[in-house]
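Pasting a structure here, questions to come.
Should a chain be cited, it is by its letter among A, B, C, D and E, assigned in written order, with residues numbered from 1 in that chain.
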Amino acid sequence: MLFQDIVFWLLSVVAVGCALGVVLIRDLFRAALLLVAVFIAVGGFFVLLNAEFLAVVQVLIYAGAIAVLIIFAVMLTRDVQQGNPPNRLQIPAGVLSALLLAALIVVAIDTHWSFLPDEDRQSVELVQTGAVSTIPAESLERAGVSDAAAQEAVEKAGLADLLIGQYVLPFEAVSVLLLAALIGALALVRPSPSTGSEGAGASRPGVSGTDAD
Amino acid sequence: MVNEALVWAIFLLPLGSFVLIALVIRPFLNRWPLLAALSTIAALTASTVLAAITLRSVIVHHGAVFLSWDWLSYGGATIQMGLLVDPLTAVMLVVVTSVSLLIQIYSVGYMDGDPGLARYFAYMSLFTASMLGLTLSSNIVQLYAFWELVGVSSYLLIGFWHDRPSAAAAAKKAFIVTRIGDVGFLIAILYLFFKADDFAAVGLNAFHIPDIWQAAQPVAAGAAVLGGAALTWMALGIFAGAAGKSGQFPLHAWLPDAMEGPTPVSALIHAATMVAAGVFLVARFFPVFQQSVEAMAVVALIGAFTALMAATMGLVMNDIKRVMAYSTVSQLGYMMAALGLGAYHAAIFHLVTHAVFKALLFLGAGSVNHASGTFDMTYMGGLRKYMPATYILVMIASLSLIGIIPLAGFWSKDEILLAAFDGNAGFADWINIVTFVGLIAGVVFTAFYTVRMVMLTFYGEFKGGVDQENADLHPQPAASAQPHADAGDDAHDEEGGHHGGVHLAESPLVMVAPMAVLGLGAVVIGYVINPQWINFLGVPIHWVTGFVADGLHVATGGEGHAKLPDFDWQMAGISTAAAVAGALAGLAVYGLRRDPVREPLRILGPLYVLLSQKYYIDVLYENLIVRRSFYRVFAALANWLDRRLVDGVVDLVGWFFRNIGSAVARLQSGQVQAYGTAIALGSLLIILGFLLAS
Amino acid sequence: MSFEAFMIVAAVLFCIGLYGSLARRNVLAVLMSIELMFNAVNVTLVAMAKYLAPAGLQESISTALTGQVFAVFVITVAAAEIALGLGIVFAMYRTNESVDLTEASQLRH
Amino acid sequence: MNAYDVYVISPYLAMAGAAILVIIFDLALPRRAGGLLPYLAFMLLAGPFVLSLYQFYDLGLAANLVREGTTAESSILEGSLSVDRFALFFNFLVTGSAALVVLASTEYVKLMPRFRGEYFGLLLFSATGMMLLAAATELITIYVALELTSLPIAALAAFLMSGRSSEAGMKFLIIGAISSAVLLYGMALVFGFTGSTELSDISAAVGHAGGDIAFGNYALLIGLVLLVAGFGFKISAAPFQMWVPDVYEGAPTPVVAFLSVASKAAGFAVLFRVLFTGFFDVSLDWAVLIAALAAASMTIGNAVAIAQSNIRRLFGYSTIAHAGYLLVGVAAAVSSGGSLPDVPVFASIGLDSVLFYLVAYTAANLTAFFAIAAIGERVGSDRISDYAGLFSRSPALAITLALALIALIGVPPTGIFIAKLYVFTAAVDSGLAWLAIVGVVNSAVSAYYYIRIIRTMFLQQASVSPGAPPSRNPAPWAALGVAAAVLVFLGVAPGFVMEAAGAAVSALGV
Amino acid sequence: MSPEFNGLLTATVFLPAVGAVLLLLLRGNRVIRGAAVAIAVADLVLALFVFALFERGADAARFQFVDQFAWIPDVGLKASYLLAVDGLSAPLVALTGLLGLSAVLASWRVSTRVKEYFFWLLLLQTAVMGVFTALDLLLFFLFWELELVPMYMLISIWGTGRKEYSAMKFLIFTILGSAFMLVAIVAVFLTPGVGTFNLIELSATGGVLASAATLLPLSWLFWLFFVGFAVKLPTWPLHTWLPDAHTDAPTAASVMLAGVLLKMGGYGLLRVNVGLFPEQSWEFAWVLVALGVISVLYGAVVTIRQTDLKRLIAYSSVSHMGLVLLGIGSVGVAGGTLTATGLSGAAMQLFTHGTITGLLFLAVGLVYEKAHTRYIPDLGGLAGRMPFVAAAMLIAGLASLGLPGLSGFVSELLVFLGAYRAYDWPTVLAVLGIVLAAGYILWMMERTFFGARRERFADITDASLVEAAPLALMVICIIGIGVYPALLTDMFDTALEPMVRAINGG
């Protein structure tokens, strides 16, 4: 456990430190890079939390795709030089965040969480770590899952099953969501052919609301 | 028994005349205004005849009460419209119809050529009808209704020349002042209704006048339905109404101003009939008054005081009609005093004689005005030569007013003075003494101002009438006494009357004839209808006084005849002495004066000013109370409060909402992150709220 | 390495993200901060899956994965959101020539 | 996943399919035929509508189409979805308003040279999310559906490619993202404490969470507050409302119309599901919160609306105020008037009234926004002062807008009058008379700014030159007419919708 | 709920609205005017039918001409379409018809946006008729609110002066007041065991509210209703909308506003506050009396300062409506001895004030139309130029100050008679109000119609036939009622006696 603790604290320091960097430094490009570091650290958390699959997804999607997308965006918008100055809400935002943090810490500490009973701990761990892989029989035995039905249940339990089973509806919905988001993004990003940057609607003040306040 | 339909007709005929004129003649036949006069005179002639028949019938059969229809009915008290014909009513009917008839005839001449003639006769008809209705009412609410209608007719007639600001103002003043008194009357009615259940418990109707009489009478077992302090207050409420109508102090201020109306109106309404309605009202509820010594004392004192005070004011007036107006106030004071003293019969008797001679006096003033064009006596003089008939008739009336034997005024005034001399047994001595002294002093002053009036008008040299008056006024245009007059705006060139120019001649027959009839009355009516020593021309001793006193006697549950005091030589001597003294003083002052223009009484100095300013009572009322205190301060304050405070709060709330909106909208800075901050802040506040609450 | 520790770290990340999303002017920085918040939630969810007892564990052992499933969806939705967000950033950049949120305040009051 | 599951979710599938089809047709059809697109979308909406209708009849006496078990008519979706009368009620509401918005957009999309297919597609995607939201009974599904509702609208808000439009889109997106993060954290806490994302399990766990603070413990307290904050964004309740006027002002008018009615309705639907099926046992605690939010929303919305000069902005504040009135009904659905003082009693009249209110509000706001869109086309401005003399220029539009405005005040004989009456009745019934009084006073205050618009249209002289001639396209007129007719119909004969609302609420099974 | 349908009232109520819609199809101002008059006449005829055919016998049904069917089914809100009149409302229906016609005739010279004008005017008539006939609280409220929009439009489009401010003020005040009323209506409905908006059932059962456990204390309900009605009446200190609205409204709107809209407040107080809450009425009568007396005196004092003719009449309305409160306050008489006097007076005052103020506003409208000013110091001597108008004004004024023989006297007398039994000194104070009334009425007459003729009014003409007709109509009413008040009081009493019994019994 000691090793894992050390890893946890290291990751924590990295995650929090880099996160602070993301929100504090003015250089947007570096902020984006620090964000990648945070993502990777969070991936590390996932590994510690028996969620290897998520860790992979985290690194691939977040650190890979999203961060790259953001970095592209940073490069494309010419404001990089101007950097990322804070606005006037620094102090209220800071105070509110701190207060919220205090509240959330109280929640974490002061709630009577119903922790996993020790007898289930190992089987749950198996299920979680084995969510995307087959579980060796001896592992099951070691975890005290002895009867066949329970073994089968642990064997069968997997993220994929859940995603196309019990969670098929949000799964489908999220696919529609992705589609919609993509279509929306596409429609917004592609320039209009006729009027260039400004949409045709903008010439109709009542419609676009461009008239002065 | 009198025939109910006939009695109704007395009232309905003039009313019909009014309706006819108002709805037909005035709108469609205005080119022939004499039709209106005809209608009025015809109706009144018939009414007079019917009134005489009624009187006769009442003499023979005593009174009668007719209840015709329920007007409204609530909680055991039914307001029944009906007729109450008792001796008082019968006498009043005859007085009102006959005087009114004569004055209508007179008006045909006096008002000749006035563009509003039809309107005039309509109002006159309405007034007569209302007055008759008033005397006939069997129900206090009905009485009140006609009471008010009389008031409004008076308002209309005073303001008949409504384009004259002073007339309009005087009309308004008359109405409002009398209405202040009417509040007391109304409250008395409210009190009656308050007691309606008690009335009903003994089978009486709280609004029915004979029932009220009965309720006020003490009963053997227990308290009367009406009694104690409440009865006094109720009586005083009624008296307040009466005082307003009859111009008793402190509500007398309107009556002199009311002379802005046409002179026949003054004669009929503000001398002979309507102002006497106050006396009538007290007489009508005399059985109630009788039960309260306090109320009687108030009536007596106010009557005596008014009699004296008005007489003094009459001393210095230059307007002949105002002199007569104060004289009227004064004489009404005598009647009130008589009532207060318990001399019911004397008051009514004086009411009758006064109606005749005062009407005559006013008609005489009208006649004088007809010739001179003015009412200002300082521009008259020497008219005796030009209008002898008028002169003689006015002399008769004046002597009657002064109380010279054997003219009408003497007999009736003598009865009042006798009653005052005897005093009311219930009163404290000082009250009796004060009353008597006041009344006697009044006699002196009455004689004085009457003589002054006659001297100024008929003797000496003619001083130019209206022409001279206009010439004097020309440099300073129409300085009206009325506050609301738009000075200078008025295109009228005459100030005192509507007859332009001076034409020194006797008035036409249509005017003189009614005066002559009244003159005859002023001579004979005092003794002939109320002989003092022996039955005269078939009329029994104390006929009128006995007649009305019997009416009262019966009403209060008495048996047989009322007992009346006999003629008292001693008293007659005192009163005659007082009258002659006053008259001689007047003769001395005005017959022997050297400067025909300067007013001799000016030597009184400040007293003269005080009198000519009417004791500053008008100033007090109009300037100090109404204008300065009420209108400029109190009402202005209320108005200011309404706009600033009450409405201001409303506007403030509106302003607040509009601006709080803008203020909050300012927070909507357009910064999207501010919105996010609001979300965070809101969430935290909610959490905090829950934590604090639990 | 306790549950509370994970919760606290996640809460710290979340609040840093919140602060960043409220206090930075550049819209991309804001989007990044929002991603931080989503990541914090994911850590919370997965930690809960590991340490806390899911309801109905006795009936179905797969409930132990609910937290992870939730996190999968959060990641996906976040991806969609960032994609659309960048699209809008570009649209805004094209019209306003700026990605500064403070300047994007034509609509106000 | 079997055929029955597909049947269960067929309305959603049909809606999403319609969205995709519209986009495909847009790509496939020749450019000339682009004008047909809205009609196509309109007809495709018949799919979800008919399927919902079929499901409605199929439901019969049953409470829910999604059933547990192993028969052919059982579903693996059990627990995460509830196709009941409540969900179907919102299916109809969403499809109906979507159809009207599509019709009303026919003229509007002509302003867009391209991407009309995307426009309608996104609209329908959003509608899919809304329908799903009303049926979801599981936090993950709720979250995804919520995002599916919001994200397309964010894109649509920015669709005009103008500065204001993209600013509106950006604001909506960022506030949406922040609040969805907040919501997620709340969901996580709830999940952590209860161990489940299914509302039924949550309900069971919440019931046992006794404690001496509100909601029993900190996790539930903060979790629920964060949830309410997230939904508060959706329904535009104060203090989560500040984005509303900006987005209303900047986004395309039909989108705002859709946002203001369907999105809000869906937000309320999910709020009901979560609060009443998940957290009813602690309802006495959150009812206070809801009541406070209601009072704040009404007051802030109305107070600020008074100061507005842009009509769409004004409607932004108006919608906040109406969220407040609706929340009054939500708070009123919890009554402590039972025999035990600490045990909440469900007063269905509260939710009945909110559902009815939503329908009436949908009709009124659609009427208003359709009119505003048409007027904007003609007058070329959204400034209220430029509406001067509108009555003389376009009487029909002026009258319809006036009708909507009068309805929004709550003056009879319009649907909102009945709705407000219903809501305040519910409030009084649940002992929230103070809230009802706040509500009615607010209604009275709101008259000021609504009437001001009417006054401008009817009484003032035109200050700007007459704009474009009225459109000959019948579709927007039809949409406007239908919305207005429904509005009046609801005022005159509210019985039908009331009964439907009652049935829907009873399906929540609290 | 038994469906009944007589139809007469439905026709009376909705004829103007239907006519208003039909007007929209017409063209040409003359045609529209003519049609409007025809509609108003027809409605007056219907209203007079209602009045005349109302059975007055002792055994006649209390509510007559019932039109009833279910409106909102029993889902939380059970409401019915229920129109009927009793002795209280039948005269008010007739009054509305009368003033409606007068208002239409008084609008003869409206020349801007004629069609709209008559549309709103007729719609207003429907709303008011509806208020007086609806006996379902919800329907009542619906009509109550319906009246707002037409009145708002009439003031703010065709008014003068600060018309928009005044119209808005009118609107906000009324809406605020009715907001309170709405809460009360709802609370009454929700009272366990009540569950109905039906006023007949509510008042027939009388004690139901008293015995049931209401959601809000009964006294709350009483005051919530009271606020709604008091704003309309209006009562001090909620009156400030009235002078503004009256002053800036066009003549016809003023006529309707003063003539019938204010009456809605008094009607509501009688019908709902006294009818449903006899015990509270008794308990709080002293407050009503206090407010009434303050309104009477305060209104009168402020009236005296007014220099705008319409404003003057408006404030006098505040004063006179105070008498309504005073009359209602008469229920505070010692237990068991109440008679219908005061209530009848209040109801009577509603009717008479309607005719009197209607007449005053009509006359002032004519003055303004011809002299182009309402500023009293600028006027004067008009009686010579327009004797008919002056006579009408004088009659109205005299009626208003309570001259016997005119209708105002009867109502004032009854109010005072009734109130004096319960509260003697306050009543005496209120009686002083009529002296003040004499003051301001006569002073107004003096400064407006009397006095020297003025050059600039030389070419003013008297009322034409069309203009004179409504005036004559009102004068006939005023005199007729003044001479034979039993015509109305008999009807009022049939409706008020049950209330009196309820209070005496309670």
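What we mean here is this: contacts are C-beta pairs under 8 Å (C-beta built on N, C-alpha and C of every residue); 3 or more make two chains touch, one makes a residue touch a chain.
This is a predicted model, so every value here is computed, not measured.
Using the contact threshold fixed earlier, the set of chains in contact with both chain A and chain E is B, D. Shared contact partners of chain B and chain C, listed by label: A, D.
Each chain gets a centre from its C-alpha atoms; the one nearest the centre of all protein C-alpha atoms is E. Using the average of C-alpha coordinates as each chain's centre, A ends up farthest from chain B.
Highest inter-chain contact count (C-beta pairs) belongs to A-C.
In whole angstrom, the spacing between the mean C-alpha positions of chain A and chain B is 102. Rounded to whole angstrom, the centroid-to-centroid distance between chain B and chain D, based on C-alpha atoms, equals 78 Å.
Averaging C-alpha coordinates per chain places the centre of chain C 25 Å away from that of chain D.
Taking each chain's centre as the mean of its C-alpha atoms, chain A lies 29 Å from chain D. Residue positions of chain D with contacts to 2 or more other chains are 140, 143-144, 147, 151, 154-155, 158, 161-166, 169-171, 174, 178, 185, 189, 192, 195, 222, 245-246, 249-250, 445, 448. Of all residues in chain B, those that touch two or more other chains are 654, 665, 668, 670-674, 676-677, 680-681, 683, 687.
Within chain C, contacts with two or more other chains are made by residues 14, 17-18, 21-23, 30-31, 52-53, 57, 66, 69, 73, 77, 80-81, 84, 87-89, 91, 94-95, 101-102, 104-109. Remark: the chains found to touch one another pair up as A-B, A-C, A-D, B-C, B-D, B-E, C-D, D-E.
Residues of chain D that touch chain E in their complex: 349, 352-353, 406, 409, 411-413, 417-418, 421-422, 424-426, 428-429, 431, 433, 436-437, 440-441, 443-445, 447-448, 451-452, 455, 458-459, 494-495, 498-499, 502. Residue ranges of chain C in contact with chain A, taken from their complex: 1, 3-9, 11-20, 22-26, 28-29, 31-33, 35-36, 39, 42-43, 46-47, 49-53, 57, 60-62, 64-66, 68-69, 71-73, 75-84, 86-91, 93-95, 98-102, 106-109.
Of all residues in chain C, only 18, 21-23, 30, 101-102, 104-109 touch chain B in the complex they form. Within the complex formed with chain D, the chain C residues making contact are 14, 17-18, 21-22, 27, 30-31, 34, 37-38, 40-41, 44-45, 48, 52-57, 63, 66-67, 69-70, 73-74, 77, 80-81, 84-85, 87-89, 91-92, 94-96, 101, 104-108. Here chain D touches chain C in the complex through residues 139-140, 143-144, 147, 151, 154-155, 158, 161-171, 173-174, 177-178, 180-181, 184-185, 187-189, 191-192, 194-197, 201, 204-205, 245-247, 249-250, going by the rule given at the top.
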